[in-house]
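First the structure, then my questions, so here it is.
Labels for the chains are A, B, C, D, E and F, by order of writing; each one numbers its residues from 1.
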Amino acid sequence: MDIALATLLSPIVLFFLLGLGAALLRSQMTIPEAFAKGLAIYLMMSIGLKGGVEISKGQLGWDAGLVMMSAVGLSFLLPVLAFALLRLTTRLDRIDAAAAAAHYGSISIVTFVAAGQAVAAAGLEAAGYLVAVAALMEVPAIISALVIANRGGARSEAVAGSDKGELAREVLLNASVVVLLGALVIGWITGEAGMQAVAPFFVTPFQGVLCLFLLDMGLSAGRGLRNGWRQLGPGTIAFGVYMPLVSALLAAGVAALNGMPAGDAALLITLAASASYIAVPAAMRLAMPKARPSIYLTLSLGITFPFNLILGLPLYIWLAKMVSAGVA
Amino acid sequence: MDIALATLLSPIVLFFLLGLGAALLRSQMTIPEAFAKGLAIYLMMSIGLKGGVEISKGQLGWDAGLVMMSAVGLSFLLPVLAFALLRLTTRLDRIDAAAAAAHYGSISIVTFVAAGQAVAAAGLEAAGYLVAVAALMEVPAIISALVIANRGGARSEAVAGSDKGELAREVLLNASVVVLLGALVIGWITGEAGMQAVAPFFVTPFQGVLCLFLLDMGLSAGRGLRNGWRQLGPGTIAFGVYMPLVSALLAAGVAALNGMPAGDAALLITLAASASYIAVPAAMRLAMPKARPSIYLTLSLGITFPFNLILGLPLYIWLAKMVSAGVA
Amino acid sequence: MDIALATLLSPIVLFFLLGLGAALLRSQMTIPEAFAKGLAIYLMMSIGLKGGVEISKGQLGWDAGLVMMSAVGLSFLLPVLAFALLRLTTRLDRIDAAAAAAHYGSISIVTFVAAGQAVAAAGLEAAGYLVAVAALMEVPAIISALVIANRGGARSEAVAGSDKGELAREVLLNASVVVLLGALVIGWITGEAGMQAVAPFFVTPFQGVLCLFLLDMGLSAGRGLRNGWRQLGPGTIAFGVYMPLVSALLAAGVAALNGMPAGDAALLITLAASASYIAVPAAMRLAMPKARPSIYLTLSLGITFPFNLILGLPLYIWLAKMVSAGVA
Amino acid sequence: MHVRYRCELIIERMAAPRACRILEEAGLTGYTVLPAISGLGRQTRWNRDADISASSDMVVVVSIGAQEQIEAALKEIESLLSNHIGVLSIGEVNVLRPDRF
Amino acid sequence: MHVRYRCELIIERMAAPRACRILEEAGLTGYTVLPAISGLGRQTRWNRDADISASSDMVVVVSIGAQEQIEAALKEIESLLSNHIGVLSIGEVNVLRPDRF
Amino acid sequence: MHVRYRCELIIERMAAPRACRILEEAGLTGYTVLPAISGLGRQTRWNRDADISASSDMVVVVSIGAQEQIEAALKEIESLLSNHIGVLSIGEVNVLRPDRF
């Protein structure tokens, strides 16, 4: 399959593999956190701006609104499914399972970007409002997971020292929501004209920055795997591989129902299939401190992310083509 | 007014507002200090280089020399005025008033850059040596403020552990003076030819980097306001708005006397109207440790900076046009 | 000499001098470590990619293989020579001398890059595989130095708490080896086509980033000199200047024997003449903790690096032209 | 000099604001938060620069205070540590200007 | 092991060099400066990443020394703290190689 | 509360993993590593942001533990410090949940 090979040999995947390999070989090299965090903000600004400019060109119609609502629905729903699967097939307790489930309902913005590039490489086009879809899918999964976790017996009391609004602020105003949605609106307002001035920073070098960021993600994923894989049973590891496929199928259904064109469908499917590894872990430390990061992070960053990046993407594009061909 | 609206809707202003809003809503998002400091050095290198290259193209005449001297004079003078106004209209004590006054005699390089862009958007041109003017205006205000503070009764004894040269080094060799003047000289030496090689880094992406930096400034300004506004009385807040106007009028007079063209005049006026929020606060911690940062920073970064960025710039350009029209 | 002047007035040298001057004047300005480390990784990725793409265009023949082997030999050999010279002409003890010697057998990637630019400015061309040569020359010198240090009397016992593999991992999998070789292979695989997508980040702004990095190196070198020069006797200081010349002559011989074209020869000579200041110092802290960083760093970063950058490069290019003319 | 107590709480970065609120409410006059870069516990082995999610990062909260205030904070901190990862230790120190604590 | 003193000074970043000079002149053989990321005092609430001016940043200076040297530094540090923001605390510790302090 | 010991080792960054291995092997249940930004010793004066090689950087390893484990680590640490630059100090502290150490 050509797309599969092209994906595998793209610089971003190769740099990810470089980082992964170095970490697995126990290299001590690191990319400073402050630098990587700066790059992450750059990436989100860039994605938001580009999405906003795309939106400003066309018109947001009813169909986009419907897709957004379905996506929010998916994000609410997927954790329920993920939780059920985890409880049935693994020994994770309620809290650990709920926390892991939250990650799978939410999204990974880097996977989304990689999908965007694979979509373009496959000669398809994607609408700008999908960036808004990405931002909208970040949060609902967290709410679902909280509800699931709290239903289990003892109502969760407030943790000592916690402040009423802090969880809401962390969930609704975390860096990725603020920057993604903010830049989207700014791109929308300033449009193509405003973009021209900042494109040499936010558009042209984007792919290269992504390489650097993926090198860091590879290092993180590799170290996470090395420290954490022992805590994952085979059932949990399998979940990290089949859950994205389950989500992808569900999202493909949603895409078919909405009659989405192939490019858009591929991105929606990827969003559903991807798992969060920055925003949700932070929220989980506040909301479910007893859930173990070594479980949910190793799953999401160590297993699902590489799987999606290397094997998932070509599959999701193929699926999107099937779906939109069936529709057309 | 078209310029006003264009300013308000420029990406840099919008990103500033995004940061400001996020901070006021108590988002916890931050941009790592190490990353922001790196960006600040980048911005100053870029500004310095561009100014130097501009200078290398033409010739620095007597008129430029006169403007530089007047600007230094302004920087010495403005703190005296600011101090008098603060003492008359607020309850700040001598030390707090002197420290705040120092900020208003010195300059904000980001405001200067934003003015440069607004000037270009208004179809005007500005000379390269204004960068040198900016660098020259950083320091004199600090000296003025020190003299003012020390005149009040008890001569200030040396603080325990202080080293004779340390204040001079901090004031004359801080990052912004070193990088701005250094890059200016380097741009001057290497000229257009040397610039070509580095323009893809220092020129083309500049605007985009500025957006990222202004997002951070918005976050800082918003947090400063939230923590600090209670300590500012209405008189002090009003000062943060009218003082830039007073400075602008004085600088407009200087521009008229020097017969400066509109673009140059707009930049000089902006420099006078702007208030420092990095170099002077640092110097104040050394020189007047008892002055409260919560006063001078909230004033300069929380009130005057947004005022200048959003409302001031169009005004200063208009003022500059008046002045240079009157001259011509 | 035109090349000499052009080198001296290139932006990168001027920014280095700016940093050096500021540090010697005791400016407190710094570039945050996290930011500088991020830039260093960027630079190595860029160099590696470019080298890899170059290799992908042509064919790696026997001659390249021979050069690589000779370069590895040089890296093994130079520390022996450096050690002997240090022991004969200075009062450094065995450990300090061996540690310093390791730096001179290894290489400085920034000097290599500056040489690449000087070579291009001189109208010469250099082959891509020289990047691989650079990566290969990093490590052997460390091994030589360890052997030398251990031969002296008491066999070194393992330091408490040390882990068998840690030194090997530090030496073979440090950031510069991983990133340089990794990016080289990636560039080789993706070739010109893959490079196009990332060139706006890794190629076009490279020179500008280098300016920023050299500003930081100037600051480091200046501070190192100020703190450390007292510990260096005149013999040691002289070594920092003549050792690169000795290495250059040896490398020129190797280049002649291999019949290398002038551009390639200039780079090989520069590699031999340059001294490491990041990878080897880190390895020395692990392998020879008793050697004093104030000696080897001041030598390598404070004396040899500026010497090579400012005076050495034109010389090495001239030498390379002689050698390749003699060959042809 | 006067005897006071130095309370040092090694705690997850995300939970630090909760710890700080507890200290503030117990009447301690101040605290300072220091970053950490890596660590080992019974369950975790973490490294700041090697984990892009930063979800295992710890910080150290140091607060100098009088016995009374520290005791007032103890119970709540114990409760916090029943949910969050962390280690509390309290040492005796001498301070200048005792009225400040 | 031998008894020495651990002097910990939480102080404004800009004033830290002054504190360090005092320690050095008092004959202490060394010190180490640690960064802080946020804090609360009676007057300030600061956060390193949230203040672009960095003018409220604090650092922590730790110096292990003998009683004599620390006492020699105390008066000057007290004077420093009358101008600059900061908190000093001194605790008893045990050290190896006592001749080094 | 219960008496335990706070072991603080100021040590070269490159040698910190060695120190940590020693602590771990001695049976200490955990440690936390803090970054330092500058320092002065009898031989060195260093600053993190001012040295691109980072070869003089120090870190601070803090470990709270029981006397027994700390004593078990002492000899090896002493040996480590005969090779590497560093300062060890041990103070008495009170902890909650003593069984954890």
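For this structure, a couple of remarks:
The criterion applied here is as follows: a residue touches a chain if its C-beta (ideal position, glycine included) is under 8 Å from a C-beta of that chain, and two chains touch if they have at least 3 such contacts.
Heads up on the chains, UniProt names are A, B, C = Sodium-dependent bicarbonate transport family permease; D, E, F = Nitrogen regulatory protein P-II.
Just so we're clear, the structure is a prediction, and the values are computed from it rather than from any experiment.
The set of chains in contact with subunit A as well as subunit E comprises B, D. Path length between subunit B and subunit E in the chain contact graph, taken as the least number of steps between touching chains: 1.
Here the C-alpha atoms of subunit A line up with those of subunit C after a rotation of 120°, rounded in steps of 5. More contacting C-beta pairs link the chains of A-D than the other of the two pairs A-D and E-F. Interface of subunit A with subunit B: the two copies contact each other largely through different residue positions, with under half of all numbers used appearing on both sides. Distance from subunit D peaks, on a Cα-centroid basis, for C. Comparing the centres of all chains, each the average of its CA atoms, the largest separation from subunit E belongs to A. In terms of their C-alpha centroids, the spacing between subunit D and subunit E amounts to 19 Å.
Each chain gets one centre point, the mean of its Cα atoms, and the points for subunit C and subunit E are 39 Å apart.
Per-chain CA centroids place subunit C at a distance of 33 Å from subunit F. Within subunit C, residues 30-36, 38, 205 each touch two or more of the remaining chains. In subunit F, the residues that reach two or more other chains under the touch definition are 20, 34-35, 77, 91-92. Of all possible chain pairs, the ones that touch are A-B, A-C, A-D, B-C, B-E, C-F, D-E, D-F, E-F.
Residue ranges on subunit F touching subunit E, taken from their complex, read 8, 10, 34-42, 58, 60, 74, 77-78, 81, 87-92.
On the subunit C side of its complex with subunit A, the touching residues are 32-35, 37-38, 41-42, 45, 165, 169-170, 173-175, 178-179, 182-183, 186, 189-190, 194, 197-202, 205. Looking at the complex, you find that subunit D touches subunit A at residues 12, 14-15, 17-22, 25, 43-45, 47-56, 76-77, 79-80, 83-85.
Partner subunit E is touched in their complex by these residues of subunit B: 23, 30-33, 36, 40, 159-163, 166, 216-217, 219-220, 223-224, 227, 277-278, 281-282, 284-286, 289-290, 292-294, 297, 301. Per the touch definition, subunit D reaches subunit E in the complex via residues 1, 4, 6, 20, 24, 29-35, 59, 62, 64, 91-97, 100.
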